[in-house]
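Naming follows writing order (A, B, C, D, E and F), and every chain is counted from residue 1.
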Amino acid sequence: MKLSARNQLSGTVKSINKGEAIANVVLDVAGQRLVASITVEAVDDLGLSEGAPVSAIIKASDVIIATDG
Amino acid sequence: MKLSARNQLSGTVKSINKGEAIANVVLDVAGQRLVASITVEAVDDLGLSEGAPVSAIIKASDVIIATDG
Amino acid sequence: MKLSARNQLSGTVKSINKGEAIANVVLDVAGQRLVASITVEAVDDLGLSEGAPVSAIIKASDVIIATDG
Amino acid sequence: MKLSARNQLSGTVKSINKGEAIANVVLDVAGQRLVASITVEAVDDLGLSEGAPVSAIIKASDVIIATDG
Amino acid sequence: MKLSARNQLSGTVKSINKGEAIANVVLDVAGQRLVASITVEAVDDLGLSEGAPVSAIIKASDVIIATDG
Amino acid sequence: MKLSARNQLSGTVKSINKGEAIANVVLDVAGQRLVASITVEAVDDLGLSEGAPVSAIIKASDVIIATDG
């Protein structure tokens, strides 16, 4: 599968904090911490668990740029 | 300023492709390519140019997770 | 590849309106019209053209519900 | 009311999984399953329940395109 | 029509900057400037022009909070 | 810090409804009610509580426009 989403970062699942509807999944992406809020259904469907290799996919229109200025 | 957005990655501007309303800004984040689609107004307002140090800010609810399965 | 995004609709490309940075891609999904705004880079990278079979992928957190009330 | 959002799909509520803050609402849209993550407040405000006719509204900039390639 | 989106702010169109695919529409919302990036198709479909009364609709999951800290 | 996000509205925290993973934070922005769904981690990290002065930050691509027509 090939995606129009321009940003696809490889990483590993570090922890999962499940609520009833949504779970926050913490990833390690090249030493940087990344958090994804996804449905609990998706966590179960993908069989996510600590240590699992995953990709973080982010549409270019969802990226904000910040400067120090 | 402190943000609720959980994901803030440091990088550098590599190139800017400006349209009339929207510009695609390509970043180098720890050796990985990241693209942000922002308004041309924001590019000008932040004074973005090649080589500029920036952060990419991404809300956790905008991150999709993918597995190979 | 398996995605956490809950919504994946099969369709066909009907037309592509390219700007400089962003393109609007019109899809036919089971007889319904769907529009996706993606980068021109993605259109080229995926080799999209009229008639191409594609999927529209939408994160559950990006869906708004409306009622008539 | 007329919306700039290009994608408005008619469907029916199939199930609602309520957490404390967010609920996942599963829709049937022309035989296809669609999930929307919305606030619990919105579920109550709209009086959503199984079988209710609704529309799923999705901004074009939130649609990712995928190909098999 | 009633929407699950929690944020609906009344305002007026101040200016429209049209590209080929996307237009940036500047609104005045209670004296505050608000910018919406929407498709050019939507600008035409809604017949937007300077001075037109409109609402800005924003899903709660798209709002980031910032503090000075 | 300067942000590409075009919309930054000053307000005050009115209430916080915490789930396990996500919290809905209600703001008063110039007399208007605004809701932000953010991670519980962010609520804690920013030390949000009733009465706290904050900004609501919204990317232009996340704003939908509605007319009465």
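The definition used in the following text is that a contact is a pair of C-beta atoms (placed from the backbone, for glycine too) under 8 Å apart; a residue touches a chain by one contact, two chains touch by 3 or more.
Since we're looking at a predicted model, the values are computed, not measured.
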Interface residue overlap between copies chain A and chain D, same or different (over half shared): different
Furthest chain, CA centroid comparison against chain D: B
Inter-chain centre distance, chain B versus chain D - centres from mean C-alpha coordinates, in Å: 28
Approximate Å spacing (C-alpha centroids) for the pair chain C, chain E: 22
Residues of chain F whose C-beta touches two or more other chains: 1-6, 19-22, 24, 35-39, 41-42, 46, 57, 59-62, 64-69
Touching residues (chain side chain E, partner chain C) in the complex: 1-5, 19-22, 39, 41, 57, 59, 61
Chain D residues within the chain A interface of the complex: 17-24, 35, 37, 61-62, 64-69
Contact footprint of chain F on chain B as seen in their complex: 1-6, 36-39, 41-43, 45-46, 55, 57, 60-61
Touch list for chain D against partner chain C, complex: 5-9, 24-25, 27, 30-32, 34-38, 42, 46-48, 52-69
